[in-house]
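In the two assemblies presented below, subunit A is common to both, partnered first by subunit B and then by subunit C.
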Partner chain A sequence: MTKERDDSGISRRRFLKEGALAPFALALAAAGGGTVYLRPGEAHGFVLRPPGAIVARRFLAACVRCGKCAQACPYHSIRLQDRGVGIGTPYIAARHTPCYLCPDLPCVKACPSGALDQKTTEVEKVRMGTAQIVDREGCLSIRGLRCEVCYRQCPLIDQAITLEPRHNPRTGEHTIMEPVVHREKCVGCGVCENACVLPKPVIVVRETVEVQRDSYDF
Partner chain B sequence: MGLSRRDFIKACAAAAAFAAAGVTTARPEWAEAAEDGITWGKAPCRYCGVGCSVLVGVKGGRIVSTKGDPAGPVNKGLNCIKGYFLSKALYGKDRLTTPLIRKGNRMVEASWDEALDLIAAQYKKAIAEHGPDSVALYGSGQWTIQEGYVASKLMKGGIGTNNLEPNARLCMASAVVAFMNTFGSDEPMGCYDDLDLGDTYVLWGANMAEAHPVLFSRLIDNKLKHPKVKLIDIATRRTRTTKMADEFIAIKPHGDLAALNAIIHVILRDKLYDEAFVAKHVSFKRGKENAPYGLKDKEAFNETPADVKNLTFEEYKALMKPYTPQWAQKVSGIPAAKIEELARVYGDKSRKVNSLWTMGVNQHSRGVWVNNLIYNLHLLTGKICKPGENPLSLTGQPSACGTAREVGTFAHRLPADMVVMNEAHRKKAAGIWGIPAEKIPAKVGLHTVEMFRAIDRGELKCVWIQCTNPFQSLPNLNRVRKAAQSRKAFIVVSDIYPTRSTELADVVLPSASWVEKEGVFGNTERRTQQWFKMVNAPGKAREDVWQLIEFAKRMGHGALFPYPEKGMHRAIFEEYRKFTLGTGKDLAPYGVYAKVRGLRWPVKANGTETRWRYTEADDEHVAKGEGIKFYKAPNNKVSVWFRPYEPPAEVPDRNYPFWFCTGRLLEHWHTGTMTGRVPELRRAVSQATVELHPEDAKRLGIRNRDQVRITSRRGSIVLTAEIGGRGTPERGSVFTTFFDEKKLVNEICIDAFDPLSKEPDFKKCAVKVQKA
Partner chain C sequence: MTSRWWLPRRAVQTGTILLLASPAAGFTFFSGNLASAELAGVRLSDPLACLQAVIGSGVLVPSFLFGALLVTAFYFVLGGRSFCAWVCPVGFLTELAEKFSRRTRRGGRRLPLATGRYVLFVVLATVAATGVPLFEVLSPIGIMGRAVAFASLVPLLVPAAILLVEIFAAPRVWCRSLCPLGAFYALIARFSPLKVGFHRERCTGCGDCVAACPVPEVLDPLWQSDACRVRAGACTRCLACLDSCPERALSVGFRFKKEPLSLTDEGRPIEKSAP
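Take a look at the complex of A and B:
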């Protein structure tokens, strides 16, 4: 950093000191990320595990806590629990760093124990959990604003989340563009939870609920 | 009123119920004290050309909250996500708070006197040695009307050079030229009401869903309410707009020039035009052709009256004969049958057709021509100046219309549609400014691209940049950044944060922004919106008007600005207003704007606004019984121009096989200097990505989030690939956004520009794409 020189030949450190002239990206980096406003989503005890993780009960037994999946992840999305019963088990804190769905799933490949199911080869088939809008009255899009940040960031845009437009009776002339998650497509990567612009995310990945079958087709 | 946010939501719900029952509820007026100590004031949004109204909540000298203004006619209480976080835009940790002067490689704190004296000394020296045309001022469509007006008066009436430009040269210049050469007056005849009242909307290269967020939500509501409404998206990239459109028509870059001509061909061939309208209102013209692309320095091209040939309708029809749908299919990629269908849409008497466009058309090496051709469709079919039936040129910046275009901060303009080349116009301006007419030079100044090239050539000695970030936003960026780095000119930058431009400056001046000062903006639909100062700027930061007037005093032009300290903004506006009265662009007295959520000009004698220009139904300047009258055009006749097809400046070839296109996205504003300091927006979209078509990506072995190197003849950058995300370019094209200051994507862009508007083409050049 000290050696790095900007276009004008001024060393970056000096720049920061003298005139605070560094553009924002660098200024933020120097300030250490600026993530103070972050609050985690309310997931009711659900812990997001890496892609391919087998069902929660068996996962804790199968995982040998080797941390190989965490090492394999290029985005450092996978962390290792540092306390409690599950100490050493890998998890994803989506609000901090979600899973970015690497096409070749290196985390799964790295797992020696079968805790991450080796049959998981297609990212679309991953089911880490399911995103839900947990506070409809809080969601800015449902309140009529043009937010939809979660939707535009979702790696499965238009499949896992779609926008359902409807008339906004409050203004009488605008559209509410409601983000709707579709559980049959959502992989639970947490990108939406990570991106949600509210202090406490109103879209949160939770346990995938069991689909209750009946005879209706629609 | 004074509502907490929760009450506000409830109140809005209640308001909707009341509205349904026909009761109008009390609306927050300017600056009412609230229970929880927050004082609310009204202002237009700082960001885009939609022009939403917001309420700004101030407590303890700080903006603590903003909310959409329920009384704002554009947005009725809504905002997009940028507008939602307005309260944070001014409070980044690294606000500039003191003037800085370059001492070798260091920037050193200075007093205002030191900084302004230095600037004045440099300007005086340059003027003494090289004449007034060796200095320049580069401003913005985000300047307030007062800032633009003072800048124009200082440069044109004081210093005596027309080297004054706004960054709007990079976005609206093509639209402006076409308005002038078609209608004789800038800015639309229609307004946003057309989005509620029409039934057919053809989008030419406009990603409204992201670039005009709240307006798009209004357009879609019309579609939800009325099943007949049809939205046709013609573009080179599938976007969020496409997703909500009824039909997407893929078009090759530059193909619009061919497709529009072919649609006109069919309208003429099948007699879909409105014979009576054409006979009454239209004259046919042919301009200068075989135009250059501005790639050579100082390449001159002008369409003078001597170059214009008048045509009869028959001659025009004959000229349009070769532009068949079959021919256009080859050039534009739109199937001939689809072109025939579009012609029938435009010609359908039972349909109220609107065309909407922005940068896809304007940032185009034949942008004026494409604007002209869109107008031709409306003028031939008579679908214009009627509620719900108009061409609407959408604007990008909050006051590209109000300041850059209406005040006229371009190198050739004077306020209210006047130009420096016209003696009568100079006389009128000089009269209002109280100076001899000879003071205003008749010679057109340097347009934006030439201005920065002139730095490189060593001809321009001083340039002062306010409220914009050219060293990130200009095309062929390497050339201009290198010129600045080699200190070929004395560069002053006024801004609120460190940017890619301040880092190249000799003097950096800290500015006040938005509600830290008083101002007026003018939006896309001719709506003029005023706001008062609500908080102090941090540290020693001062507003741009103050900076310019203090500089003027040091240059010996202080007498041009005899405004009282209290009421200065009102006085400037009232002086500027004199230019507009009786011209069909009439503005209301300042006091009126202080009360309302904007008014659309021309404001009538009785103080009400005009929604549709040129029609007796609404425009006071048209007498009863005249129907539609294009009273600003010569002989009241608008021009239908014959504009042939000419190829783009640079096309993909074996070495550079892809088209490259740049644009905006919803989360960030322009070069990200403000939205980049809003942590939530920065997190939502933290870097520019490059979008590829999935098949192209597969062929090149590129997967989502891979690093990709994009190289053109001018520069090379590495971006993260985004495949199957918010946008998908057509095969053979890649797309990226320009907000990310770490990725100077404009190094890739060609500095070819439209020969008439001098607006660069940021939408197409040739690149190679490699996995990095």
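Take a look at the complex of A and C:
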């Protein structure tokens, strides 16, 4: 039996195992753990969460990483993070598949822990984030073309995104139809980010920023 | 291997993994993973995951708490750490690793079983102080569940790391001494009615049960005192000891009082041992 073999003194094989193999295995294990947990910080510090997600900090604690929201999503829009502190938490890669905001919100219903707030019932009141045009010089519409794809695709067309016409000074005889996002209406679903025709979307969903009034109101 | 309980246990462990994979295969009777799930319409939650979520976020959903209590009650009745031996996919994996490490190296330095209690404390203190649910972040159980359900394979490096450590440095260290969920179930297991009973009059002291047991420390009190059952919470109720004993001195059964266990593993009463 293996039991006896242990008592037979330290063989060369065993010495090698204890002296070299164990530290090597530990180093390999640490490298594995490091690959999963040590990662460069989020590029923009914002993760697009499913509808009804509570404040980011509390969300990380409330989410038990069960993946039921992802399993409930009929469009497979919800994915689970596979690195870092947020490992296992759901997010939406809008450029790949945006949130189509099902009227019955199956993801919110599936959430057991309240990380997605059960009180979320009206899709128009969801605030996952806010769309922003991050590159005005790149936006085809602002450059004077009649692109307007984000505007046409927006589920809240003429509410969350409107077209604001103005004179095109470059040609002197045309109109620029600039898409403008309205913060009070935009739900942050990411359909515009998904639809943008440019290789890198110029309209993306970012964190909803409340206008900071108290600094300037005296 | 020879134990009668080997096949049922492997069946339950495999069944758990199939259950975790079932949503991906298109079945709808189960969703979620071992942190929180819905099985045939019943919401079930891992009590430690629930505790961390509630402490860390301050959000309390009654059905969530109820699901966690249901699971706690279930494992309380069935021996606490029976979760580890029968359900947990990491337990399944590390058992296979232990087979391998027995071939390469047996013994080695062993952390005391009680370490898990301190890990559990650190996890709860961390979530209370910083809001980071440490165990939900690190949990290889969650990682394996999600790997099965969502094919998210990169995080499998964490269970792989545990395997490496267990095979080459410290056998069974994760399940025995580090897992806070195991420590949590060990706390309730002390008071669980399902226990392994010991019939001293039959014992010849051959030590086969100790060789079969994944946590042999729990059998020590049987030799050192006049205990008539395994009381330690660390006992996973894997029941490997039962059939390892040539004299059938060990049995398993429910008991609610403090008298010696009076049922054999077949449920047949036996004569009480002389004091």
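For this structure, a couple of remarks:
Assume the second predicted complex is superposed on the first by the 169 of 218 C-alpha atoms of A that agree within 3 Å, B and C clash if a C-alpha of one lies under 4 Å from a C-alpha of the other, contacts with A are read in each partner's own complex, and residues count from 1 in each chain.
Here is the rule we use: a contact is a pair of C-beta atoms (placed from the backbone, for glycine too) under 8 Å apart; a residue touches a chain by one contact, two chains touch by 3 or more.
Predicted model, so just to flag it, every value in this text is computed and none were measured.
Contacts of A:Ala62 after superposition on the shared chain: subunit C is touched, whereas subunit B is not. When the shared chain is aligned, subunit B comes close enough to touch A:Glu173, but subunit C does not. Using the contact criterion defined above for the overlaid structures, shared-chain residue A:Ala70 touches subunit C, although it does not reach subunit B. When both complexes are overlaid on chain A, the residue A:Thr121 reaches neither subunit B nor subunit C. Of the two partner chains placed around the shared chain by superposition, subunit B is the only one that A:Asp158 touches, whereas subunit C remains out of contact.
With the contact threshold set out at the top, residues 6, 14, 18, 21-22, 24-25, 28, 35, 37 of subunit A are in contact with subunit B in one structure and with subunit C in the other. On subunit C, the positions that touch subunit A within their shared complex are 23, 31-33, 35-38, 43, 45-46, 49-50, 52-53, 55-61, 63-64, 67, 102-107, 127, 131-133, 136-138, 142-143, 145-146, 149-150, 152, 154-155, 157-158, 160-162, 164-165, 167-169, 211.
Those residues of subunit B that touch subunit A in the shared complex are 9, 12-13, 15-16, 19-20, 68, 75-81, 84-85, 92-94, 96, 100, 105-109, 196, 213-214, 216-218, 220-222, 224-225, 240, 243-244, 481, 485, 497-500, 502-504, 508, 666-667, 672-673, 676-677, 679-685, 703-705, 724-726, 740-742.
For subunit A in complex with subunit C, the touching residues are 2-3, 5-6, 14, 17-18, 21-22, 24-26, 28-30, 32-33, 35-37, 54, 57-68, 70-72, 80, 82-83, 85, 87-88, 110, 112-115, 118. Within the complex, the subunit A residues that touch subunit B are 6-10, 14-15, 18-25, 27-28, 31, 34-35, 37, 100-103, 137, 140, 143-149, 152-153, 155, 157-158, 163, 165-175, 177, 194-195, 197.
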